[in-house]
Amino acid sequence: MKLLVINPNISASVSQLIHDEAVRSASADTRIEVVTARAGVAYIETRFEAMLGAHAAAQLAAEHVAEADAVIVAAFGDPGLTALREVLPCPVTGLTEAALASACLLGQRFSIVAISQRIRAWYAETVHAYRLDGRLASIRGLDEPLADIGNVQGNQGERLVQLAERCVREDGADVIVLAGAPLAGLARSIAGRIPVPVVDGVSSAVRHAETLVRMGAGRARAGSFAAPPAKAHQGLSDEVAALLALVQRQ
Amino acid sequence: MKLLVINPNISASVSQLIHDEAVRSASADTRIEVVTARAGVAYIETRFEAMLGAHAAAQLAAEHVAEADAVIVAAFGDPGLTALREVLPCPVTGLTEAALASACLLGQRFSIVAISQRIRAWYAETVHAYRLDGRLASIRGLDEPLADIGNVQGNQGERLVQLAERCVREDGADVIVLAGAPLAGLARSIAGRIPVPVVDGVSSAVRHAETLVRMGAGRARAGSFAAPPAKAHQGLSDEVAALLALVQRQ
Amino acid sequence: MKLLVINPNISASVSQLIHDEAVRSASADTRIEVVTARAGVAYIETRFEAMLGAHAAAQLAAEHVAEADAVIVAAFGDPGLTALREVLPCPVTGLTEAALASACLLGQRFSIVAISQRIRAWYAETVHAYRLDGRLASIRGLDEPLADIGNVQGNQGERLVQLAERCVREDGADVIVLAGAPLAGLARSIAGRIPVPVVDGVSSAVRHAETLVRMGAGRARAGSFAAPPAKAHQGLSDEVAALLALVQRQ
Amino acid sequence: MKLLVINPNISASVSQLIHDEAVRSASADTRIEVVTARAGVAYIETRFEAMLGAHAAAQLAAEHVAEADAVIVAAFGDPGLTALREVLPCPVTGLTEAALASACLLGQRFSIVAISQRIRAWYAETVHAYRLDGRLASIRGLDEPLADIGNVQGNQGERLVQLAERCVREDGADVIVLAGAPLAGLARSIAGRIPVPVVDGVSSAVRHAETLVRMGAGRARAGSFAAPPAKAHQGLSDEVAALLALVQRQ
Amino acid sequence: MKLLVINPNISASVSQLIHDEAVRSASADTRIEVVTARAGVAYIETRFEAMLGAHAAAQLAAEHVAEADAVIVAAFGDPGLTALREVLPCPVTGLTEAALASACLLGQRFSIVAISQRIRAWYAETVHAYRLDGRLASIRGLDEPLADIGNVQGNQGERLVQLAERCVREDGADVIVLAGAPLAGLARSIAGRIPVPVVDGVSSAVRHAETLVRMGAGRARAGSFAAPPAKAHQGLSDEVAALLALVQRQ
Amino acid sequence: MKLLVINPNISASVSQLIHDEAVRSASADTRIEVVTARAGVAYIETRFEAMLGAHAAAQLAAEHVAEADAVIVAAFGDPGLTALREVLPCPVTGLTEAALASACLLGQRFSIVAISQRIRAWYAETVHAYRLDGRLASIRGLDEPLADIGNVQGNQGERLVQLAERCVREDGADVIVLAGAPLAGLARSIAGRIPVPVVDGVSSAVRHAETLVRMGAGRARAGSFAAPPAKAHQGLSDEVAALLALVQRQ
């Protein structure tokens, strides 16, 4: 099985974190390909940045999906995920969707621990779009600027653990979701220090993607995730145009 | 006052409909500039198409906002609206947001009459993102393919009136929202035939944009609509990069 | 255009504040008539007081609506608004409804800053009745008795600014709504000191009322805002009885 | 124990129906006094009519509460109920609130069977104000004009039974609420013909009022049902002014 | 009238508290029989303990219901209540359901004061299952281990009063629900010290059970509370098997 | 890896269906042990039957968990699942929870196709308890009595396909969940005939259980899924008592 993992941001250091955790999480016979956005920002905290990331993710998906059995959008907030689900020939998931699915299998209410204050509104809207507000205990975030997006875990690890503990003690969280690709792999190292299950987006996405492939559930030929109806378009990249044509033929 | 009206789709015929209704609705001293996407599809029915439209709208906004007092995203579903609100120096609204604001001032529950069945899921998710589900009576759509996106009103006008009547009689709608730029101006011509107030997206957006400008409410310097924090980026168009730099300096 | 602005309370000093802000907000060719309740209380904080205000507003509307193009119920909480929408021949809005519509066009979540602690429950129920709970970040109120309802802004202005700042910083508000007719005009003077857009009820109501008149959306002949079915009544004032008869004939 | 039962409408024939069912339902040592509005309409179907009824109910309560141990607002929709709870020295309930409490003790989801189509929106808003939407299966109403409000049961009894059956079969109702004072006593006569428990507003209100008196829960001295803060007022009836003064002293 | 009151826990001391408050609350001609679980835990704080309690309650109900006019499940959280409603020939209620019904008749928002921190999640899920989240202001609990489940009131009475006061002042509660059979009777002794109405589960359940019997609403023959469809079973106790057979014949 | 799969019902034929689909779904190195309730009913349609199943599942779990890496409660509605999560030393999931997690990874809104009309209320309450109502498009069920619970697929396969098609066409489902252990494996055989992804509870539970084991998320030592606090108990089976003691020591 081949999983295409798309970093919709431009940070190669984060792509490396994603890659390492994806490989650690995947089954022995699963191959991981991580691709990185050519256009966009270092990491996504806002709706505008997410819009940029969604567009970049679509371009990367169109370029690389041909050999993939499933696709992962590897930024929290899942930029472009539901859009891609309409047009990709294979299953697609994202870090938030997958982490929340894991969290829902481990407890009733989860908290999200995030890398900044600003990012909280965007995450809250993502959870709302998934209609999982009823499971959300809280979203807490770091409140200092990030010196190095590729080393948040090293610089802020202790503070992240403290935030997680407060989510359990003060907010009633049954599960902690460590949010954001820059935290990929952190759950593994701090799990023992948090008194409830801790969930990581990358490993959740890799495992659930494997499951979706093995379930063979197929893609929608009707409903809101069927291919967009064929209609005039212009100015799309060759790869995106080809992807649309492909899925509309199916 | 100058309003920049962005058609995030490529249909010049729809831009003309938008322009005509915008001019009819605007105050005497308001100038209207309608710009049309260079990249995208003929009209938006799905999440993927909306993602394309959001990206195109951002590029057009970045190119043209300098002279505008307010910006309107002129496609139902408001592709890119909340993203643009973070980065534009002036107020911005969209057809759905503005039509729903009008509807909420005219009654308790509104129905949306739309140009296709497929579009209903996307509209429902838009209403949900605005957390206005509690005001939504129903979404009904035409169920035939559209022969000509620039002439839906002519070809399907009677059918749209019938859908509106069913929304009132069967779904309990207090107000009808005619959805989609291709229906711009229709409310004006059929209002007398529907037994409840009928709302149009373009005229609502023009009037509410004028109000926002006159209120002088200013843009956010804190909270989730403040400018995105400055961070590394690459591959953005010159205009988008300049827009980001501008708003981050403010 | 003539706007009838109804103060459902007995405070002439508040009527003056309402009048001044209404005139400042209105278009050049809009005339403003403010009328003040003959029966009722100084200002509304509770459900019982709102019931008194609703009845007084209906009487004033019945007396004065003949020459009006639109009616505004000028107390936060909108006493009697949805009742009046059933029976008035022209559009009607209220301070809360209008301020919330403005807020929804400026951001995702708003906070309400109010003149007392006690008033918070009544405002929360108003927001709930409008099914806008999902947009509400918080309601904060002054916690000292009001020495002079006509000079809350002068006596408590600094404290109101501080409350607004806490709404942004602690509650995640994207927009601040300054609630209550006694605060009419305050948004104008403190806007620069609050880091997010600030909304005023009176100016919102005046501008949206103008928009409703210009949209010409008409009144409902069916649905829940059609005229009440004709039936026996007794003991109503002549003006209210005449209003009922008028709307039932339409 | 003495229960004051207020018909906020002007129909003496409905007051008689209310009286008869109240007496049938009350404990042996409970006295029932039914009073009828002097100002208002024959029966309430809309928000405007409910506003009239609320005002009339407050006047009647102020006149008659002195000797009462509890008060019942005897119209479905509970006009003025939460307002009166702020100012009356004794417990107060209403037909809807009480019927819904009974229904919630008998099953998970209830349907409301009502006397007209028009009344449905008003009932839906009442259920929403009580935040019991999650328990509501449906609201169904008669669709013919009522020839005689005092004899709906006789004229439309069969049709009401059929509506109730559809609520069970098609809407998943566990309990049927027969709504509106004109149906007082009907539950008693048709209970055997409906395959789920049937609830009547008058008998529910009488029994729950007795319970509230016996519980001796007392009235609120803090929170949103404490007496309205003392403040200037004018133009109120002597009885209402005296009631306000009384409760503000307590 | 005979009420069967089931303590689904094994604590005889709590059964005595339940008995005493039930007798104090009941009408003069109502007989009270309290039975105590033979299998289970001392008191319920978690979902697992509630599951044990539900099973024990069903066994006790099957053994003793023959002579009862109504049944009360006398533990907060109502273990087994909705299950028993399907199979018992008479009305059944529980401490939470009944207390919440009382609270809803006394105010808009209630807080629950509970005997431990741990129990809060289970209570929150119970309120959610009853779809009364919209009425819930808060749940606060004692934070020390209980030395003696039969004497919580004596040991922790002051602390419980303080928690109730905080619910009113900080959480906006209109009504306080004292939760848990170990607090049976406490409302009676502290009512004067709390500035809002205080509700007790046992007295609420006794009074509402009496009302349900007197209303004669009957049991469901259709819908989700009809008897479970007859089907193969094995290993059930003789009493439970007989109860199933009885209700399936009706 | 060893998965303990608990059929909380007494039907050996259904246990066989569960076993076969579990083996088909599991990874090569996963062993499956299916155990069948000794006490209970043939299949669960109601709250009372679910209560019986929960108790039986707890007993079986306590007897067999020692050698298991994860536990699956193999009846739709997940009887006892959240209770078991508090006391089992390893991950536990259920058919509904797991199927809904799969569905949420495949689309936005799912419909549940079930084996009877009666079962719909119980499933709706299960979805509500998981706070996934916002994702639920509809629940449709067979409307004929089941001749043979072990051969529903053979007898009713065509009818189930038709129900699924209606969920897509009329209810807007993006994903179909085939509900109930008696339908284990059906998704596999009819997937090609339904135009949207089809999800099976048993295979979802097996795959997600494998994921939970591999994630090593650990069990809660705090929060609402920590072990129940130690307290007096009596009358529990030796196995359940031992399980409680074990988890309380951890």
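Lettered A, B, C, D, E and F in written order, each chain numbered from 1.
Note that in this section contacts are C-beta pairs under 8 Å (C-beta built on N, C-alpha and C of every residue); 3 or more make two chains touch, one makes a residue touch a chain.
Fair warning: this is a prediction, and the values are worked out from it, not measured in the lab.
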Out of curiosity, which chains are bumping into both chain D and chain E? C, F
By the touch rule set out at the top, what is the minimum number of steps from chain C to chain E? 1
Relative to chain C, chain with the most remote C-alpha centre: F
Is the contact between copies chain A and chain B built from the same residues on both sides or from different ones, judged by whether over half of the numbers are shared? same
Determine which of the two chain pairs, A-F or A-E, is joined by the larger number of C-beta pairs in contact. A-F
Any idea how many Å lie between the Cα centroids of chain B and chain E? 52
Interchain centroid distance [CA atoms averaged], chain B/chain F, Å: 44
What is the distance, in whole Å, between the centres of chain B and chain C, each centre taken as the mean of its C-alpha atoms? 27
Give the residues of chain F that touch two or more other chains, as numbers and ranges in rising order. 82, 85, 108, 121, 125, 131, 172, 223-224, 226
Got a list of which chains touch which? A-B, A-C, A-E, A-F, B-C, B-D, B-F, C-D, C-E, D-E, D-F, E-F
Contact residues on chain E for chain F in the complex? 10-11, 37-43, 45-52, 54-56, 58, 80, 82-87, 116, 118, 121-122, 125, 128-129, 131, 145, 223-224, 226, 228-229, 231-236
Which residues, counting only chain E, touch chain C once they are in their complex? 108, 172
Report the residues of chain E in contact with chain D in the complex, numbered from low to high. 25, 82, 85, 91, 93, 97-98, 100-102, 104-109, 130-135, 168-169, 172-175, 191-192, 195-199, 203-204, 207-208, 211-212, 214-226
Contact footprint of chain F on chain B as seen in their complex: 120-121, 125
